[in-house]
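Same chain, two partners: chain A is paired with chain B first, then with chain C.
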Partner chain A sequence: MAVNILEVKDLKIGFEQDKKDIAIVNGVSLQLEKGKTLGIVGESGCGKSMTSLSLMGLLPSGVDWQNGDIYIDQMQINKKSKKEWRNVRGKKIAMIFQEPMSSLNPVYKVGSQIVEMILSHEHISKKEALQRAVDMLQLVGIPRPERVVNEYPHQLSGGMRQRVMIAMALACGPEILIADEPTTALDVTIQAQILELMKDLQEKLQMSIIIITHDLGVVAEICERVVVMYAGEIVEEATVLDLFNHPLHPYTQGLLNSLPDIETEQEYLPSIEGVVPAPADMPAGCRFFDRCEYATGKCKNKPNLFTTNIGSTVRCWLYESGELIGGM
Partner chain B sequence: MLSYILRRLSHTVLVIMAVSLIIFFSIRLTGDPVSIMFGAGEPSQQAVEELTAKLGLDKPVWEQYIIFMKDLFMLDFGTSYRSNSPVLDMLIERAWPTIALALGGMTVALLIAVPIGILSAVYKGKSIDIFGRIFSLLGISFPNFWLAFMLILIFAVQLKWLPVSGFDGLSSLILPSIALGLILSGILVRLIRSSMLEVLKMQYVTTARSKGIREWLVIVRHAFRNALLPTVTFVGLQFGGLLGGAVIVEQVFSWPGIGRLIVDSINQRDYPVVQGGIILLALLMIMVNLMVDLCYSLINPKIRTGRGDN
Partner chain C sequence: MVSPLLEVKHLKKYFNLKGSRADYLKAVDDISFTVNEGEVLGIVGESGCGKSTMGKTLIQLLTPTEGEILLNGENIANLSPKKVREKRRDMQIIFQDPFSSLNPRMKVYKIIEEPLVNFKIGTKEERKQRVYEVAKQVGLTQKQLDRFPHEFSGGQRQRIGIARALVSNPKLIIADEPVSALDVSIQSQVLNIMKDLKKEMNLTYIFISHDLSVVHHFCDRIGVMYLGKLVEVADKHELFSNPKHPYTKALLSALPKSHPSRKKERIVLRGDVPNPANPPSGCTFHTRCPNCMDICTVTPPTLKRMGEKHDVSCLLYE
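Presenting the complex of A and B:
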């Protein structure tokens, strides 16, 4: 059996409002196999970024509570002290963000930002750390790295900055890289280059990746397994092939339908009617109830994650028996 | 960078010309110095004319201005009507206490405001933030002369730790600096707090945390350094204000500053001293602004490298 480098069990994240606990992430469980790539897909506000930030121990200040267990390399990280957390962060698990324009500090040179990361985890000299920074920049395909270390972020393009972010994230050789919408803010051609780079580095460095995106194209490009999140819950988990060939959950189907198809002429692009309910007034049953065209009375009860006969899991009463429904 | 400084300094000449023009004519609107110099006495017509001629005030105003500008060009600020001593000497004598007080006040303000401002932002809504809020409210609302009197009463009169007034070494600088600095820190705390809150939301702060560096480094090195930009602008402006505008505190502490000299001279219509004093203040202000701009380029590499964000 494959080794899980990361395991999340029943993660719940939320805030308090009028003395009531309101969950924005509600019972998420994930497994990431060593050397593999897991995609987390969902629309804005579905809790995917919160989930990833909690894996880093970096929940923003508006969040009041977090339950559940997070294991990194068999170590239960969420029970550790702040200091131990900090030593893991950047060393074993690193993260890159959506906005390369604003994710580097504008007042420090690129090199010193990478050096700072290395020196906080390793006892080597500044000179060695700087050499490592140059090597890392070279590794992520930045031309003239020995010059770029002395440049400021604003002197680089968006794609270059994202490469710098990747170089920095990988500088201490982490086993897990979390990429939160790493290509969303980039031009399409640069997007492809960055994804290509990530795949390439994954192979070279044997790391595991969690990629958070709303772009199914990115998922198809880079992931092995995919988790679809809706309103703070996982609604479907499948291999990437199964997800595209047999999307099970009505929400997943809606997502795939709203992708433009290059082969057929379409006058309208289908979309999913309605909006995600606010965290404070989630329906008690299926959270997709109001927007689902297959909704029945049964859906007023909360569905579990059912495992189907092709191996995907899905949170929908339609698959209670575990059988795929014909024509899907 | 050097050419930038030289270009800025060349602007100084124009500013000084404008300032001298305004002050030269506006001080002449306050009235005739000769009548004040004779005080309550009833001088003879002849004595008045003689004095007027001696001061050069009998000439047409435009001619007086040309003479004034000629002298100014030779760094001759003239002689005080009242004390007969050269204005330049008087100003130089007053310049150091003025600068010392402005520096002292600003140091006190920064020492108080930087830590409270940062902590108020980091612990937003917690007790330190509430304390900071009350502190700055008090700082903004207290009149500084009242605070000055209170400080004198407590530390000079009652406890006898520090001198009551005058300019005599470092110990005499403490109370007036605190009086100025406390008031200033009230606004500064709010400014630093709000720019820190702004910066703490930035993505690069999360990036810094994600690197696993210590939290205080995230706050100081990554957040505060960026929050400095608006702070430096404000501090520069306020510093300029302290140079000439600390008159009330100077008065309470009998501080021999330029602000007080100018106010006294205006009351006595001592034209040369007022003109010289205002020009000196303008020069100091220009220097402060230049220093603020230089600090800017030190703090913000975007300005230094001369390239904007693309």
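Presenting the complex of A and C:
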């Protein structure tokens, strides 16, 4: 029986502008199974990073939590005080960011940054903590870890810095790792190394991972389930195979089609016309309405998430009956 | 026989490093290639391999240290700054970051018109017609020309950058990572526009990118760079179906799968790209090469012809 280690229910995040509430994440619900990898895909501004920050209790000021509950291991965490949040972060759930240089402190040695993190959660001696830091660096495949602990972030390459970030995130044995675009700033050969490392560590440590990315290649590589977000809403959720074999939502289909593929030859790439609407003037009905080639009058009403007969859920009126259409 | 539009011979760009152990950083080190009219040449490589420096050197935003750049048979390397400016009428550049490459204080109309003013082309009225024409080609409305860059999204800004590059009717466009700052759905829009414009204006592109699948889609011929050197040049199909250089093989295998059920043999390269200020001896790739031989640590390889239109720089094939 699959156990959900993380559950998010009806999350709504927004800000106030001209006395109007503007939602940037609108009614997002997620389930993460223990030991599995969930991908959240979407383009810039779709709310994927805000969703992940809210899971860490790290929403920037000016952005409000408006609704929703988060449970880790059946324990509700969003009602916790700032101090209690600190015990959750790092211990239960940890995060790595896109840009490893700006998330490491440039004036402290790599080792002392990892030690600081360990000591704030565990009552062990500094020496033990430093030894743990060296072990962690070894675990993430850094050569000569006992020397790297005494180096500064600028002395390391991008791939090494991302390994340090992963070592730091895993130092207190969190059950959930959130990776926000972990390979976007890296070159392809280094990206391949980091993805291999994450798969490896997941197996060794039995971690559950949420990976946030705009890159469907990364999703194909590492995820088991995928959530597609568009303009602050989930538009589709499926297993990774179903998503690639039967993409349902017109937006998901558009995304997959617009990727150049080295196996095929195309004169022109299919593209999705137009741009994502601004948060302040979202269409009242389906948010993809303006860009959708299948749009009908019905789409002026907001669609629900419909469950289809293959098990995927999709927010589109085309699938109201739950049947797949047109063999897609 | 088609005569090449651009011929680059032994191009070098070294940066002086004062106070460090090495004297020079060899960002572009002895690169030669040709581009025929109407062709799209892709240049791929990882960050720090010198591909952007090469683009900027070609258009002489950086002065080359050595070598020749022949545009239509005429050497434009080391011309006087004034003469170089005239030559830029024929070759223009599109930059990666559509946010920092547009002057935030200029209206879009002025931005697109500027090259025409610079090259003293046409009267005010003629320039206006030309700006409107180009704007229409890249999908901008006349109304939008009266706005400032910050009012546009990334994809639209890149269209402005393209319009500015094309307004003086150049023959050669150097596109330096033109779509890497854009979302996938916008990326395909911009690539399609660039393809249309190529046909309409008979353009030649040098397309610099780190993204192999984009290069595969867009280019006819591809050059692979590693630490300032071209290690392999071949037709697109040849390069993807029959890669020769171990680095090219590793790059291709590192591409993420396009479908989760597709199996992939992966060559994971050890370590990182070495510091370009202190490159390894012999073949610069030998520190990461899975096929490294003893000789590779001593003798630097040169680009050799391997088959029809396929050049490789690797001692395995000597």
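Rule of thumb we're sticking to: the second predicted complex is superposed on the first by the 326 of 328 C-alpha atoms of A that agree within 3 Å, B and C clash if a C-alpha of one lies under 4 Å from a C-alpha of the other, contacts with A are read in each partner's own complex, and residues count from 1 in each chain.
In this section, contacts are C-beta pairs under 8 Å (C-beta built on N, C-alpha and C of every residue); 3 or more make two chains touch, one makes a residue touch a chain.
Note that the coordinates shown come from a computational prediction; the quantities given were computed from them, not determined experimentally.
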Answer with clash or fit: chain B and chain C placed together on chain A by superposition. fit
Given the touch rule stated above, what does A:Glu320 touch, chain B (first), chain C (second), both, or neither? neither
One more residue to check, A:Asp10. First (chain B), second (chain C), both or neither? neither
May I ask you to decide whether A:Gly254 touches chain B, chain C, both, or neither, giving the answer as first, second, both or neither? second
One more residue to check, A:Ser157. First (chain B), second (chain C), both or neither? both
Under the stated touch criterion, name the partner, chain B or chain C, that contacts more residues in chain A. C
Chain B versus chain C as contact partner of A:Gln191, first or second or both or neither: second
Does the superposition put A:Ile272 against chain B (first), chain C (second), both, or neither? second
Touch check for A:Met95: first (chain B), second (chain C), both, or neither? first
With the two complexes overlaid on chain A, check the angle at chain A between chain B and chain C, Cα centres, nearest 10°. 70
When the two structures are overlaid on chain A, which partner does A:Met56 contact: first (chain B), second (chain C), both, or neither? first
Looking at A:Glu84 after the superposition, I want to know if it touches chain B, chain C, both of them or none. Which is it: first, second, both, neither? neither
Rounded to the nearest angstrom, what is the minimum C-alpha distance from chain B to chain C in the superposition? 9
The shared contact residues of chain A with chain B and chain C are 157
Residue ranges of chain B touching chain A (in the complex, touch as defined): 124, 202-204, 206-214, 222, 225-226, 299-302, 305, 307-310
Chain C residues within the chain A interface of the complex: 46-47, 153-156, 183-189, 191-192, 195, 210, 212-214, 216-218, 240, 250-251, 253-262, 266, 268-269, 272-273
Inside the complex, what are the residues of chain A that reach chain B? 53, 56, 58, 61, 86-91, 94-95, 97-99, 101-107, 109, 116-117, 120-121, 152, 154-155, 157, 165, 168-169
In the complex, go through chain A and note every residue touching chain C. 43-44, 157-160, 187-193, 195-196, 214-221, 223, 240-241, 244, 254-255, 258-263, 266-273, 275
